[in-house]
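Below, chain A partners chain B and then partners chain C, in two separate complexes.
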Partner chain A sequence: MPALPLPPMAKIGIDRKWRAIGLAPSLLVFAGLTLLPIANLVAMSFHDIAWADGISRWTFVGFRHYQALPEDMLLRAGLGNTIFFAVVSTLTQMLLAFVLALFVSRIHRGRVLYRTLFILPILVPAIVIGAIWKLMLNYDFGLVNDFIGLFGAAPRDWLGERALALWSVIVVDVWHWTPFCFLLLLAGFESLPQDVYEAARVDGVGPLSELRYITLPLMLPTIAVTLGFRLILAFKVFDEIYLLTGGGPGTATEVLSFTVYRRFFTQDRAGYGAAMSLFAMTLVAVLAITAMTAARRRQTRS
Partner chain B sequence: MTVRTTRRSALKAIAAIGAAPLGFHIGTARGQAARQQPFTIIINQSPWFNGFRAVVERYQRESGNSVTLDVVSFAESLEKQRNSVRARQGVSDLLIMNGLFYQEFYHGGFVQPIHDIDPAFRLDPQMLTLADTVFWNEQTKTHDPRTGKLMSVPISGLIPVLYYRADLYQEKNLQVPDTFEQLLANARALNSPRVYGMVQRGARGLTEVSFDWFPYFNGFGGSIFRNEDQGDFTVTINSPEGKAALDFYLQLAREAGHPQTGGQGQAQVIQNIVTGRAAQAMIVIAAWAQMEDPQRSAVVGKINVARVPHAAGHRPGPPLGHWLGGIPKNVPRERQVAALAFLNWFQQRNSQVAYLEGGAPPVRQDVLADPQLGAQPRNRWMRALADSSEFVRRMWTIPEGAQMVSVLDLRLNQAVIGEMTSAAALNTIADEIHAIVRTAGYRTGKLPNL
Partner chain C sequence: MMLRQHVARFWVHAVLIIAAAFIMVPFLWITSSAFKTQIAILTGQFLFEPTLDNVREVILSSTSDYITAYRNSFVVATISTLLVLVIATLAAYAMDRLQTPRWIVHSLLGWAALFHMIPPVTMVGAWFQMYRETGLDNTFTGLVLAHVTLNLPIALWLMANFIRDVPLELEEAARIDGCSTPRLIWRIIVPLVRPGLAATGILVFIFSWNEFVVALSLTARDTQTVPVAISKYSQEFEIKHAEMAAAAFLSILPAFVLLLIGQRHIVKGITTGAVK
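Moving on, here comes the complex of A and B:
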């Protein structure tokens, strides 16, 4: 006797059950890999952790580490520099990447060549970038000073002068990360509906109006996502600072991640470093949520 | 002055050499090196690393044992060593610990006393004991050779010496400086648009400007704490001596130094010397190999070295930035034995001569004082090292070194780049170090602000 078909609601219930069972292992792994370390970090942030006789000793200190954060001069300097660095480098990258992506999307000959050339910097490992730029920006033997010397300019210590160091790191970051924005924006350009452009051309719309009234509104979701991603990555900058300036001169290039690294690892203040890490994580999370919410709102309005 | 170092160990060693039971010693070394488990050494890429690699390769050839070198940067070496010793079972069997950080491994109970691995092991009397830092009394928390246990074997006795252009000295008819005033006079005489009179390591790093400033600080009679050996951790860095040292350091940079001293790290200082752009610098002795390497140096045969100068009326005070070989507790016993067999082989005279030939400063007094070896032109640095040994000073004995050096490097760099006055920098350092030692529970206090 053939089985009777299940009523639709019962089928949905079974589907949900199987879906939950199927997803459970992945969720468990996710929880294990993500939530447990964060929970551990939270626990650490309420303790002083010292090592004696080969074992760690945890001493509960309540909110002391969190209370100390506003007084931390390095953290304050790092936060200010990080915001400046993230905003300036991200906006510059977005602007450059937009122009380059627009250019490459409009040409037919040599598109692959240009695309390859523009993404080269992102393929270079950070350690190599650090070495290359450190040599180029060297006061005594660097190419940059040799070049400006051709025009009679005096050499500058691009990484060692307070007024220049953060700007120099921003230049390196722009060189390194513009290809990332370029790739995402180029993908956005290439997926734009061509019939809208054809209709606009039939209506006699000029290139500038086309850019302002068609391309920009259509590209807005891609721009917002790219900006959000890049801003979050810029907030977490570490390798370029570590390799180029070590946070100096003074605190001129101190950034949030580097301060966390110093406190947590170099100085071995795990409890305080954990509190600082959670502060940094919260900041990045707020930034990510704000960026995504703004993008979603804009998209809905469009 | 809290930290006192004499040449006691070395002199005792010289006296004892005739009586040393060398036969037993060498026999033990050969016996232990015979068949051992493969083991791993974690070491940083120092200027003397090539010499160390050369002796490791020689050890492998001679003994047939297998050694893996885990070569990392200076900052990484501290972190990787911490990770290894804190794990249930460590991956690094021999830690090459820096003089600024070994204290945390001793205090933390991570290093196995050598005699717990092999009660018959003897540190060769000719080996330098590097301000007795190889010994550790865990009750008194002091480096007492009489009551402390032998915790490590010296690997590199790095101290800064004055590198100077002997050809330019001759040309300008200058004398090797004994005092800071003479150093400044020489720097002024040598300074020109083409050559810096003196290059200093004024950058902020893990330990850049702080290590560079210590010969001046010590040489003006300064000390970080009032009497560390007696447990008095009153912070005295912002003393008149400290200010005089920092003011002199800044004056030297301003009047005859690199125009961007605040951006110069060890690599840039060495680069300036080997390219002939600088006439003088205080650099660790291990950088010597680069001076005489025609592939790396444009001034081969033109450089000489001397003990660091001092202020009139004070003693020189080259700080000890040395390296010690310690065996962690959390590795299997057979790997501990293998690592100790290597250390035993390493301290033999022949091994130390090979170490020297590979480009690293040896840590045996009889090799350093060997007249034949010292007479070779390429070893002309050995005299300066021997001259310095009785003045060498430890940096500190407490495990909070990583926190303190971070404070020192930042604030001294801020003084160098003009962001702070010397008094403000030293007062801030004093406040911050005071907070570190107070939080750690030491008996402390501080001087009134400058």
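Moving on, here comes the complex of A and C:
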């Protein structure tokens, strides 16, 4: 049946009133609760702020807070640990998730079951993941020490030893976020064109060269997006560490978010905390914008 | 050839079963701990007589704030999810169908994407300061507003994607019949994007339920949420492991129920939000 020629939307007239009403709440939220607070952070970062009787007193200090940032040893430790943490745990997650997603995409029965099981860690509060693993990694009665005890290994203080703590936190993060990478990669595998594989099979291509020359190149965009996304989101890590180690022992598991929180709230240095917040925000924003423009350039080229 | 395929299939399933075990063991362990006595946990008993004492202590004890926290989380997550859905749907519709200038669409979605990646801990100080000046600290309104702000970006992206997929024809026909915009959104768009709304709503609810650092900084004892209450178990002088396990177990029940009834929606929400 030939479709009746419909008049274009423009002729019916655009409902300008409802366009404004539709956009207004989002714009209000972003203006009032993101842009205004950021402007406020900028103002705060040039002041010392003290609270007395519910009234804040601001003392102008110029660039002093910004000058103090490079000398802050805690910030340096936090930044170093965050980068190490982000890179190691993201790469591990990607590797594990790639294998799992590839395998799940190859099976027929049980796919939904595996997918359901594998999602679970993403849906649980990170603080609860911290609580669970704090018990699991406990020196005296934790399951992990019980388990390695079966093989005759001596118990370790997974969260208390300087050399182990960050690795333990990474293991917990891998457990937490591998499912996220798995989901995205599985969606990628499921949308691969099947005819290419059939053609390859007819030509007698073996499973390893199939992976190397067909699957990997086709999956590359999905891999890049997932990797970039996880890498940037890894800078958010806070909740698990809050419960697992509190940044310790020493500064072994100090991360960027934790340093900001500590300076702002624990030490009640709102001005300095504001300067550090802006620094962290700018760092992540630069990373994110770089990743997003790279992704867009890729897209327009292909 | 047949044999090799069987061997390969065996390895695929072996790896997947081991991975599933790795994921499930901590959950099973915390669940069993929730029904163990403190002594059974400390002595590492594998077989134990289940007890409801921990759950009862967490829920009913007069010194426990858990039930209040549970109710608070429920209120905050429900209200902020509903608000986010309304705000995001309206904006997504206006952006896609009402010829919003492209620069507005780009700035709105661009800022949403950027804001989603910024660590929330960098915003919470500013919110705390503003709330203190305006008396919004330690109120549900304050926390709901913060959660709306944190979750609006992902909701905007998701709803923009879902509304883009709604065919134009129905809408144009309704326009010709003189249907007004709000009626059209309510009668045509909302029913058609219901699966999208479900995906977005479930995700936003879970994110709000799970959110910790903002709730930690903006609430006090009477407005605290579940994650904040759980964090306090581990900070007491003498850690009550059994009660902490019970509280943790209770806190993951909502996510578990949502996963059982809406697995498909959750998968759709996560993959749409990240990939597109």
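As a working rule, the second predicted complex is superposed on the first by the 262 of 302 C-alpha atoms of A that agree within 3 Å, B and C clash if a C-alpha of one lies under 4 Å from a C-alpha of the other, contacts with A are read in each partner's own complex, and residues count from 1 in each chain.
We take it that contacts are C-beta pairs under 8 Å (C-beta built on N, C-alpha and C of every residue); 3 or more make two chains touch, one makes a residue touch a chain.
It should be emphasised that the depicted structure is a prediction, and the values quoted were computed from it without experimental measurement.
Looking at the shared chain after the overlay, A:Phe265 reaches both chain B and chain C. By the touch criterion defined above, A:Phe84 reaches neither chain B nor chain C. When the two structures are aligned on the shared chain, A:Ile232 is found in touch with chain C, with no touch to chain B. Counting residues of chain A touched by each partner, chain B versus chain C, the larger count belongs to C. When the shared chain is aligned, chain B comes close enough to touch A:Gly250, but chain C does not. By the document's definition of touching, of the two partners only chain B reaches A:Ala52; chain C does not. Touch criterion met: A:Ile132 reaches chain C, while chain B stays clear of it. In the superposed model, A:Tyr197 makes contact with neither chain B nor chain C. Look at A:Tyr66: by the touch rule set out above, it reaches neither chain B nor chain C. By the touch criterion defined above, A:Leu159 lies against chain B but remains apart from chain C after alignment on the C-alpha atoms of chain A. Common to the chain B and chain C interfaces on chain A are residues 51, 54, 56, 140-141, 265. Interface residues of chain A, counted against chain B in their complex, comprise 51-54, 56, 74, 138-141, 157, 159-162, 246-251, 262, 265-269. Looking at the complex, you find that chain C touches chain A at residues 8, 12-13, 15-16, 19-20, 22-27, 29-30, 33, 41-44, 86-88, 90-91, 93-95, 97-100, 104, 108, 111-115, 117-130, 132-133, 145-146, 148-149, 152, 156, 168-169, 172-173, 175-176, 180-182, 206, 209-210, 212-213, 217, 226-227, 230-231, 233-234, 241, 244-245, 247-248, 251-252, 255-256, 258-259, 263, 266-267, 270-271, 274-275. On the side of chain B, the complex with chain A involves touching residues 75, 78-79, 82, 85-86, 104, 107-110, 203-206, 258-260, 262-264, 268, 271-272, 275, 277, 329-330, 402-403, 406, 410, 413-414, 416-417, 419. Listing the residues of chain A that touch chain C in their complex gives 3, 6-7, 9-10, 12, 14-19, 21-23, 25-27, 29-30, 33-34, 36-38, 40-41, 44, 49, 51, 54, 56, 96, 99-100, 103-104, 106-107, 110, 112, 114-128, 131-136, 140-141, 143, 146, 175, 179-180, 183-184, 187-188, 207, 222, 225-226, 229, 232-233, 235-236, 238-239, 242-243, 256-257, 260-261, 264-265, 270, 273-274, 277-278, 280-281, 284-285, 288-289, 292.
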